[in-house]
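Both complexes shown next keep subunit A, but they swap its partner, so subunit B is in the first and subunit C is in the second.
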Partner chain A sequence: MKKNILYAVLLLLVVFAVPQILSDFGTNLTTEIFIMAMFAMSLGLIMGYAGLDSLGHAAFFGIGAYSVALIGKFVTNTYLIIIIAVAIAGLIAFITGAVFIRTSKFYFLMITLAFSQLIFTLLWQMKDLTGGADGMSVSAIMNLGFGDIFDPQTMYYVMGIIFVAVFILLRLFVESPAGKITKGVMENEGRMAALGYDVRVYKLLAFTLSGALAGFAGSLYSFYNVFVSPELSAWLFSGQVMIMVIVGGVGTLLGPAIGAGVFIFLQNFISTYTERWPLILGAILIFLVLIGKGGIIQWLKLGVTMIFKSRPKNNKVSSTIQPEKEEIIS
Partner chain B sequence: MSLLKVDKINKSFGTLQVLHDVSLEVQPGERHVIIGPNGAGKTTLFNSITNHLPITSGTVYFEGKDITNLPAHRLVHLGMARTFQKNNLFGDLTVEENIHLALTAKKKYRHDIWFSLTSRSDIKKETNQILEEWKITHRRDVKINNLSYGEQRLLEVLLAMASKPKLLLLDEPTSGMSPAETTQTSEMIQRLPRSMALVVIEHDMDVVFAIADRITVLHHGEPILTGTPEEVRNSEMVKEIYFGGGAKKHA
Partner chain C sequence: MDIILVQLITGIAYGMLYFMIAAGLTIILGVMNVVNLSHGALFMLGSYLAFTFINNGINFWFALLLSAISVGIFGIILEKVLIKRVYGKVLEQVLLTFGLMLVIADSVKWIWGTEMQTIPAPAMLDMSIPIGDMAFPVFRLFVVFVGCLLAVLLWYLEAKTRIGAIIRAGVDDRAMVGSLGINVGAVFTGVFIFGAALAGLSGVLGGPLLGMYTGMDSEILVTSLIVVVIGGLGSWKGSFIGALIIGVLEIFGKVWFPSLSMLIVFLIMMVILIIRPQGLFGREVA
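Let's turn to the complex of A and B:
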């Protein structure tokens, strides 16, 4: 619990420090990073804690985004729009997940990919409703009870604070009984069944939560970008978010968020110099994945241990001292 | 009423019939040992009882209830748990986390997605109890993969026991152990409370005779004898299977 408060305070400090350091352009970019970080964390949750590698997670992002665009035509209350959007994404994740989790590994990868292409095609073809390939603009304006949010500065703080809240909620889930059990199912499904767990319940729970969170990120993106297009559900986007997760670090919560930051930063930074930015980005990503097992978060952790523990050899030998340390921290 | 009743189960893999009409009864608190040469179908019998493998025909009763087609996870909630011949643990998790997972299976809050698991007082207490009882408190933060083989074997049993089952199935608890570890494990099994019935697959005859109330001898998938340790020790047929003519078809 204390650790969660510490994390919340540290992250909020970052949120409030960024506008002081970066330009308006940088701050606006960070807003997008917060949204993508939430999306990446939703995929990181099922990849790192449930062993479900989805290559179609953009489907839920797109569903969330389009829900806001469509519902926003009829409803003005921002909270209501977002709740409906998240509920739709979560419900679809629940229904499809019940089928998807019967498969595993490559088959899971393929079936999620197929599903996201299905959503993509629907968004593309249902021209009357979605505007087809042209996309549609979002008429809903974010209003959280203190006036319409137009200016990028306010939007930035709203997204930043929501990001921190989502991160803490995910931490709570990961530490909860259901979260721990889900991780156990990923580690050893057969033994979890023999211990008395209905493993499918936990996989489905993780998938539903993840889908709902992806939808939530999508709905926020809709407000942020005021324009949605079918590409939000395309497999390219699914692949990009998977790259964010892997580069940042699978098996952690902060990792995918950092991955999202690095990805979007590089994307925008390099594209100011050359049109061929995917080429350079690709090379950098190959490099990062090849040498960075465990992702950027592992390097950060390594750095932190090197700074704070001058003799890292010690903590392996004296395993008997560790319980005491643990107790002090918690 | 017997605790476990296996009624004429058959199991085939394709054309290979591994279990022929196996019947077995276990009373509450009984220590029942299953012996037999390699390939006799002992582990298959376990997998059939716990429905890790669907059986071809026959019925399994637990406390009079038909459990033949119940999924494995439901059995734990009825009061039946098992261990595995090959260590089947959570290698990347610590001893403490493994025990947590085993204990939570029967808790009402196992579907809770909100409040931290490790801060619950009952789970802390029960974990400490287990760690102290089996004298492994100093190993609580060690990852399973870094434990010795014997310690992993012990954990294998502790995880199954965490649900406080009425019936515990132990699949070769001493396999691959050193003589010293085998003696320890044998003593540990004898220490287990009588509120729990045991069905044990075992190869080491010293262990078998130390723990068994009754013994079933399985040969080519058929139970050829069920009796007290004395009866089995004196049986000509068992001697023949183990020491000579094992491949020969018995009468």
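Let's turn to the complex of A and C:
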């Protein structure tokens, strides 16, 4: 519990420090990073704590975003809009998850990918409802009870605080008995089943929560970007968020958030110089796999331990990282 | 009636094309346990290479061969330099092959531009035959023929040759095959080259059928992944059936329910998975 308060305080400090250091453009970009960080954490939750590697998580992000765009036409209460959007995303995650989690690892990757592409195609083809390839603008304006939120500054703080809240809630879930059982299922499904747990229930719980959270991030994105397009559900975007998670560090909560930050920053930075961002991103990914030392979080841990314990304990450090990769292998 | 027959044959032609792509994907998956997300990009590369060859005056058949060989050689490099490092590591595979896909697809976009292109069907097959009062392009029948030829070839290789026996054994128990003194590494390289060349080949055949455009790589990848999922992991027979189902459904779906064709395909996949989580021809594997 103490640790959670410490995390909350530290992260809030970061949230309030950023506008002092960065320009308006940088602050606005950080708002996007907060939203993507929540999205990445939702995927990080199932990848790192339930062993479900989804290549289609953008489906839920897109569902959340489009729900806001569509419901916002009829409903004005921001809370209500977001609750409905999250409920829709969560429900779809529950239904699809019930089928998806029955399958093995490779299948899960491929089916989720196909699902993401399905939502993309539906958004693309249902022109009358969604505007098709042109996307649609979002008419709903965020109002959390203290006036309409227009200016980027306020938007930034709102998203920042929501991000911290989501992070703490996820930590609470991960540390709760249900979260621990879910992790146990990931590490040794047979043993947990033998102990009398219904392993599917916990996998499905994690998947549903994660889908709802992805939908939540999508709904916030809708308010932030005031425009949605089918690409939000494309499997390429799903692939990108998986990159955020892996690059940040699988098996942690903060890792995916950091990964999202690095990704969004690089994307914007490189895109200002060249059109060839996909090419460069691809090259970076190949390079990362070739040096293969886990995610950024693992590098940080490695760095910290190397600085504080500069005796030949390095071997031990890498062996504490290795098991996590070992699990991935099996 | 004629129109339904035409649609059916067109669907089968599309299905055979998907089969050619999915066969490579599923064999790589079954033998090497690698999800090759760059498979669609190899298909795309094959298309565009043939496009350039043909524009430089090389005839269609030679271009077909050249493209398949070029993509196959490219496959050797990929396998030897990159993919062999990530055997057994699923997340690394996803990261690596996703990166490869981005690099290949973006390079293609860079070199050939974003304009929609198409490969003309070879003169020999560039005609139509009448089906009832409809004209049906012969090239589609040719694609069906090649697909069937590939199925026969795969059946022969699998059932009658030593290579096939090794590969079947490799799908069942890789460690055992290795300890029997068979060079598993070489088998893997061979399988990957075969899969890549097949992707290149189907890319050329897909040119006149589907056209070439930005984003075709991920479209074809998703379709062939669905085919692999329906058919069962590592089973080319499953892919054959799966590809036929998807091809025919897609064409009928596009004609009768244009906005829901993808949804129908997806629902079929869900139903099959609910009944048989391991796919039509897949075996129970952990």
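Rule of thumb we're sticking to: the second predicted complex is superposed on the first by the 302 of 330 C-alpha atoms of A that agree within 3 Å, B and C clash if a C-alpha of one lies under 4 Å from a C-alpha of the other, contacts with A are read in each partner's own complex, and residues count from 1 in each chain.
Just so we're on the same page, a residue touches a chain if its C-beta (ideal position, glycine included) is under 8 Å from a C-beta of that chain, and two chains touch if they have at least 3 such contacts.
These numbers come from a predicted model, not from an experiment.
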Practice problem: Quick one: classify A:K3 as touching subunit B (first), subunit C (second), both or neither. | Solution: neither
Practice problem: Quick one: classify A:Q125 as touching subunit B (first), subunit C (second), both or neither. | Solution: second
Quiz item: Between subunit B (first) and subunit C (second), which, if any, makes contact with A:V199: first, second, both or neither?
Solution: first
Practice problem: Check whether A:P177 is in contact with subunit B, with subunit C, with both or with neither, and answer first, second, both or neither. | Solution: first
Exercise. Determine, for the superposed model, which of the two partners subunit B and subunit C contacts more residues of subunit A.
Key: C
Quiz item: Regarding the shared-chain residue A:K73, is it in contact with subunit B (first), subunit C (second), both, or neither?
Solution: neither
Quiz item: Which part of subunit A faces subunit B closely enough to touch in the complex?
Solution: 1, 172-173, 175-181, 184, 187-188, 190-199, 201, 205, 209, 319-320, 322-323, 326, 330
Practice problem: Please name which positions on subunit A make contact with subunit C in the complex. | Solution: 53, 55, 99, 102-107, 109-111, 113-115, 117-118, 121-122, 125-127, 234-236, 239, 242-243, 246, 250, 276, 278-279, 281-286, 288-290, 292, 325, 328-329
Exercise. Quick one: which bits of subunit B touch subunit A in the complex? Just the residue numbers, please.
Key: 50, 52, 71-77, 81-82, 84, 88-93, 97, 100-102, 104-107, 109-119, 138-142, 159-160, 162-163
Quiz prompt | Residues of subunit C touching subunit A in the complex | solution = 29, 33, 35, 37, 82, 85-86, 88-92, 94-96, 98-107, 110, 218, 222, 225-226, 228-229, 233, 258-260, 262-263, 266, 269-270, 273-274, 277-279, 285-286
